[in-house]
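What follows are several structures.
Two complexes follow with chain A in common, the first pairing it with chain B and the second with chain C.
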Partner chain A sequence: MVRLPYVTALTTLFSYGLLFAFGQLRDFFRRILDARKPSNLKGYAPICLGLEDFYTRRLYLRIQDCFGRPITSAPDAWFDVVERYSNDCNKTLHRTTATTKCLNLGSYNYLGFAAADEYCTPRVIESLKKYSASTCSVRADGGNTKLHTELELLVATFVGKPAAILFGMGYVTNSAIIPALVGKGGLIISDSLNHNSIVNGARGSGATVRVFQHNNPAHLEEVLREQIAGGQPRTHRPWKKIIVIVEGIYSMEGELCKLPEVISVCKKYKAYTYLDEAHSIGAIGKTGRGVCELLGVDPADVDIMMGTFTKSFGSCGGYIAASNEIIHHLKLTCPAHIYATSMSPPAVQQVISAIKVILGEDGTNRGAKKLAQIRENSNFFRLELQKMGFEVLGDNDSPVMPIMLYNPAKIPAFSRECLRQNVAVVTVAFPATPLLLARARICISASHSREDLIKGLEVISKVGDLVGIKYFPVEQEKTTAVEKLKKIQ
Partner chain B sequence: MGRRGEPYYVEAAPPVDVNKNTEWFMYPGVWTTYILLLFFVWLLVLSVSGCSPGAAWTVVNLAHFAITYHFFHWKKGTPFAADDQGIYSRLTWWEQIDNGQQLTRNRKFLTVVPVVLYLIASHLTDYKQPMFFLNTIAVFVLVVAKLPNMHKVRIFGINADI
Partner chain C sequence: MDMALPVVNATAAVFARVSAAFNAPLARAVVFGVHIDGHLVVEGLLIAVIVFQLSRKSYKPPKKPLTEKEIDELCDEWEPEPLCPPIKEGARIDTPMLESAAGPHTIVDGKEVVNFASANYLGLIGNEKIIDSCIGSLEKYGVGSCGPRGFYGTIDVHLDCESKIANFLGTPDSILYSYGISTIFSVIPAFCKKGDIIVADEGVHWAVQNGLHLSRSTVVYFKHNDMASLASTLEKLTRGNKRAEKIRRYIVVESIYQNSGQIAPLDEIVRLKEKYRFRVILEESHSFGVLGKSGRGLAEHYGVPIEKIDIITAGMGNALATDGGFCSGSVRVVDHQRLSSSGYVFSASLPPYLASAAVSAVNYLEENPSVLANLRSNIALLHKKLSDTPGLEISSHVLSPIVFLKLNKSTGSPTTDLDLLETIADKVLKEDSVFIVTSKKSNLDRCKLPLGIRLFVSAGHTESDISRLSSSLKRVSASVLSDY
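Then we have the complex of A and B:
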């Protein structure tokens, strides 16, 4: 739920209308001017038909320099961004050899494992020499090493479930598991803001998909009741299986899921729950065990817990943790396990070392310090931004904080101006977010020091004033009004 | 509380529409933007051409007819290579909104707008001939295109799939 000034809503809609109108006008003239050129299709059908690539050509390409910026160092708290230039209004970008050192406010580097770490990196290099960069084989065949079994056990105990299974890619974990769990005749109820991988997996499964309003357990109950009463479409037979899919932290909102309420609703109607902890595992909770620990939910109440190693553990890949029977079933049926190359051994070692650091098993308390640091950093940053008058989404303790921009023109303005002042931020627009709600998403890391955060705040405040995104009244005004009253008295 | 000059805030709950092409229509401020846009275009036409107000409304009505017919009832699919795997590639925008449900508030609003434009334009031109005929065609085509019975109907195969 975001609150925006009404005038901002009107101007944002008008801006998008204007951009759309200009895009159509340009397309119209392009069609006229190209009518004389001979078509080089040679009888083949065109790749994009009609309006399909309109958004990419006329809206995205105009501000292409704000997205996908190449970097030349590890994505630590400070990193080197390659400078690019364009000769044709951003249709093509050319890299230069110059780089700028920028503050990194965009990487999902929650615990600071993205750059070289004193415990993890030597062990990763050792495992690279011992096991080589890739197993070149599937888990079921020759790709199962000692490291993989060790990590599966470690992940299972870390998360609090009996067993776990690993996959080489986080996106694939969702999109290949959901079809293995539910098929035709089943029902998937997913949160309206779920990640694309879940949507893809749900569509690929063949089950009926229904959506409930984001983070609204009352609406979830309504949808469940309606669907259970109605049964399968057309035949009205009872559903074979109902799975409710929610995420721990929603990456575009920074919000935590209302997990206790969702679990109680699901238990009442005997639906299974699937929790995607891509952003919350390792980043929140007192010992880093994710949203279950933070909200006090027993992991045994969630049927399937999914997570990725890309965000907090500085590696790649994903995992599913569930009961022994479910994991055994997945090992026999999931194509991502039977046919896909297993996780690269150095990557597995990185996760093992990272989890050992978090648990304190490396002999130091760096893990606990990192967890405390990221919590402090996130709360400090969020509080300061809100005091300055920005509209910041997300709950306390969540390291993801989107700053609302709304207007499409403010997206490149904010992004470019911040880069000029050596702060790299990630901006997100339609269609990854709803049309009106474009935002700049800040991800805080445990490797950001207090000075880094203060510098980031200064730059964002200056740029925010320039661009005009301080939609809420600044709190200072209230205190000066109170002081004036006191003076009168 | 409520000092003058304080902006008026609205709440924007993310709508439950999965079709990114149409979900923008469920946000607050869309209807107002539409009406304000029509009004400003009328002012623009009036100031640039210096014709009578009725003729300006006729121009707005006919331009509105052309543009909305093209974008709501002619163009099919979505303007981005969406991950929806092309399930909307045979549906016009009008058939996509509100998930295909008929007679919702948005649809009723969009059906009323051409009728109101028609009434204003015909009244201000005193129902005189060439303008009246053109305005009537515009409103007739637009309202018929928006009727629930015309959902997914392609008359004589016009604009049917490739």
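Then we have the complex of A and C:
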């Protein structure tokens, strides 16, 4: 829950108002100057009219150097960020060949499989030599290799469902599955903070979409009762089916879903549940099996479990795990299975090897160590940040922790100062978050060592003081681990 | 008579008294120069009654919301449909399993077959240089990129790949997407919003249809690859429409249609686009690296300058033997997508080894343009050899690397047609070890073009491969279709 102090809210609104006013002033002068130049559009309507790209031109371009920073090494715990310069106030950025080694607090590398791994990489290279980089064919035609079948079985057993189906991209998994499951005459109830891929899939399906308040099972029950009693809009016929879509970990809040309550509400009203575990599979739970394991929910109670391989397994692609009938139906109708190139075989091998490491089937206990490490790291980091006085969102055990910034000027200040001190953070603003609630999002990895985390905390604390985001300072009696360490030294 | 008279007298007396009462005080009253008479008072009373009636609310029967108990009953009664329909008998989902790379010769279910099911047009699967560059990338960057492009997912190989493709095509800039089909259904909603007009071919594939649906614009379809239909549609839409200046208008076509193997006549389309002021979005997945003297695509094939095409998109999972997609155009077009294209902003970026494979593939194409001549001669040879297949006819363009065979006469229902074609494909695989596939359709696809057998020709096929395929097809189709 975000506790926004009143003064901060007022100053944030004032800042945005000022930026908006300046933007309009510049647009006004631009219109006057351009009125004299002949237009080179020759009768075509412009690609963006009026205020459609106002935010991009006047607000985003000012701080463009905080986003899209290129790197030249693997996104591991430390990586090389390319330095860029601009000659025209950030409108265009140019690469240089200089790089700086920075601590990586932004990439989704929860279990540390991002860089070359001693078990996974030799096997991936072997599969590359055997199957080559792509099958150039759709899965339903000639793109089905032995690796794909093996991975589907492995994912199904890992997650705890009877069967699974693979796709080459996580975003496409959501956008193409939801239309195959529910169409016109059905109802989709989704959490208000769901990811863009789910929103696109819901829109593309043609079903009616309703939203319930974020993580609020009581409101979900209210919406369900209202909708079942009311029926379809205008005709009032009963709904054909109702699907409730929630996520395991919400990537902008770092919160876990209240899964047991949501499942009990859905069972009571006979709605189907769809769980998107993009960020939680592999990263939470004692053996990495995701939010079901952590919260003690039986996987058989969730109708459809979706996940991606990008975050915890260091690869690309997505999967859906469900009962045999549903997977059979999807293989016959899902467009992503019938029309899209099948997943690249080396990427499939990477996931197979990563799952084997997690389960301990490679003969070592690296998997268990990684899972314990990420849990320890996340809890330590979150506690320290809270002790320092930052406003940190998210639940315990979740490796995603947003630090609230609020004010638009603090976004580039925080980002650039941290980079100057060799810590790379990710800052997120509108439209990925609500306008007033800009934040910096930290993603912890199992490959961060304790020293890395302490260095990160030092830098963030210094920059936080400089920028002024310690909104809830604590009393002086509580000393932090950093100061304790300094005292010992 | 004698009773009426006193009543009449009495009423007359009452009237006289009432009128006297009315007229008496006001008889000589003059207010503001208006002579007040009794009838004015009556009229005033009538107006007051009318105003009173009008000001009262009309009668509406009271609304009674459902009680909690009623809602409970409705919820208990409601029965949802099952999440998926029951499994139909005979619906097959098993596809042949490959056990080696999907090159011109591959191993399927344990035996070696000739592979006509992979869109490996330039024969780049298994190319040594590409595999070496991938190995270098894997060792340096790992497999995945672990982040979207905006948050440290931009690796220098992505930027190199984008500039390489832009240089190769001759456009100012290009942008990379992480999956082939997500390219077109992210590009279309980024540019087309509610209220815009899109004219699209009715034979476009599912990803394009999904993009058109997500864009919420007005979509008008014209007959498949029929330029007269396109011209008349454009004429109808722009005639007399004064607001057309402010609305954005697009034509969406594919260069080589996946569903039929036809090639779009680009010179005609560009002429129409300039006449009616539309922008063109060209989907070049199957023609990039195939058509044109040096493989630069449909624009080079027709000799149209590349600047005339506003937006070019392509998936790299075909000729370039890698995965992902790109979109190319002017700087304004590409920059706009970096913030408003959902498949670019909200998704992890392309794995770096696939981007370096793309760079090596484009390098290979630039250094060895002779591979295109091989591909073209293979296609021509296949056309010649299959021209007299009993029961099947070639319905794709002579230059298309997707050779589309459909039934000479349909049995009447699409399901039986498909069954026949699948029987042919199965027999060809089992008896002659040639791997071919039928075109598959999802029930979400609204394209109504007929299904058939699709053969993907590669520059790596030899003459003997093609002879094997043609003799096998002739034999099997003769036996299977002899009854129809």
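Keep in mind that, in the parts below, the second predicted complex is superposed on the first by the 475 of 489 C-alpha atoms of A that agree within 3 Å, B and C clash if a C-alpha of one lies under 4 Å from a C-alpha of the other, contacts with A are read in each partner's own complex, and residues count from 1 in each chain.
Please note the rule applied: a contact is a pair of C-beta atoms (placed from the backbone, for glycine too) under 8 Å apart; a residue touches a chain by one contact, two chains touch by 3 or more.
Everything numeric here is computed off the predicted structure, so don't read it as measured data.
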| item | value |
| --- | --- |
| Chain B versus chain C as contact partner of A:R203, first or second or both or neither | both |
| First, second, both or neither for A:R3, with chain B first and chain C second | first |
| Touching partner for A:F390 - first (chain B), second (chain C), both, neither | neither |
| Which of chain B and chain C A:V82 touches, first, second, both or neither | second |
| Touching partner for A:T56 - first (chain B), second (chain C), both, neither | both |
| Touched partner set for A:C48, first chain B, second chain C, both or neither | both |
| Which superposed partner A:F67 touches (first chain B, second chain C, both, neither) | second |
| First, second, both or neither for A:H214, with chain B first and chain C second | first |
| Common ground on chain A, meaning residues reached by chain C in one complex and by chain B in the other | 48-49, 52-53, 56, 196, 200, 203 |
| Residues of chain B that touch chain A when the two form their complex | 6-16, 18, 20, 23-24, 27-30, 32-33, 36-37, 75-83, 85, 89, 162 |
| Interfacial residue positions of chain A with respect to chain C in the complex | 42-45, 47-49, 52-53, 56, 60, 67-76, 79, 81-82, 95, 104, 106-109, 113-117, 120-121, 124-125, 128-146, 149, 168-172, 175-176, 179-181, 195-197, 200, 203-204, 224-226, 228-229, 238-243, 269-272, 303-304, 308-311, 313-316, 325-326, 328-336, 338-341, 344, 346-347, 350, 424, 426 |
| Touching residues (chain side chain A, partner chain B) in the complex | 1-10, 13-14, 16-17, 48-56, 192-193, 196, 199-200, 203, 211-214, 430-431, 434-437, 471, 473 |
| In the complex, chain C residues that touch chain A | 66, 70-71, 74-75, 78-87, 91, 93, 95-103, 115, 117-120, 125-126, 130-131, 134-135, 138-147, 149-156, 158-159, 178-182, 185, 191, 193, 205-207, 210, 213-214, 245-249, 277, 279, 315, 317-318, 321-323, 332-333, 336, 338-340, 342-343, 345-348, 350-351, 353-354, 357, 435, 437, 440-445, 456 |
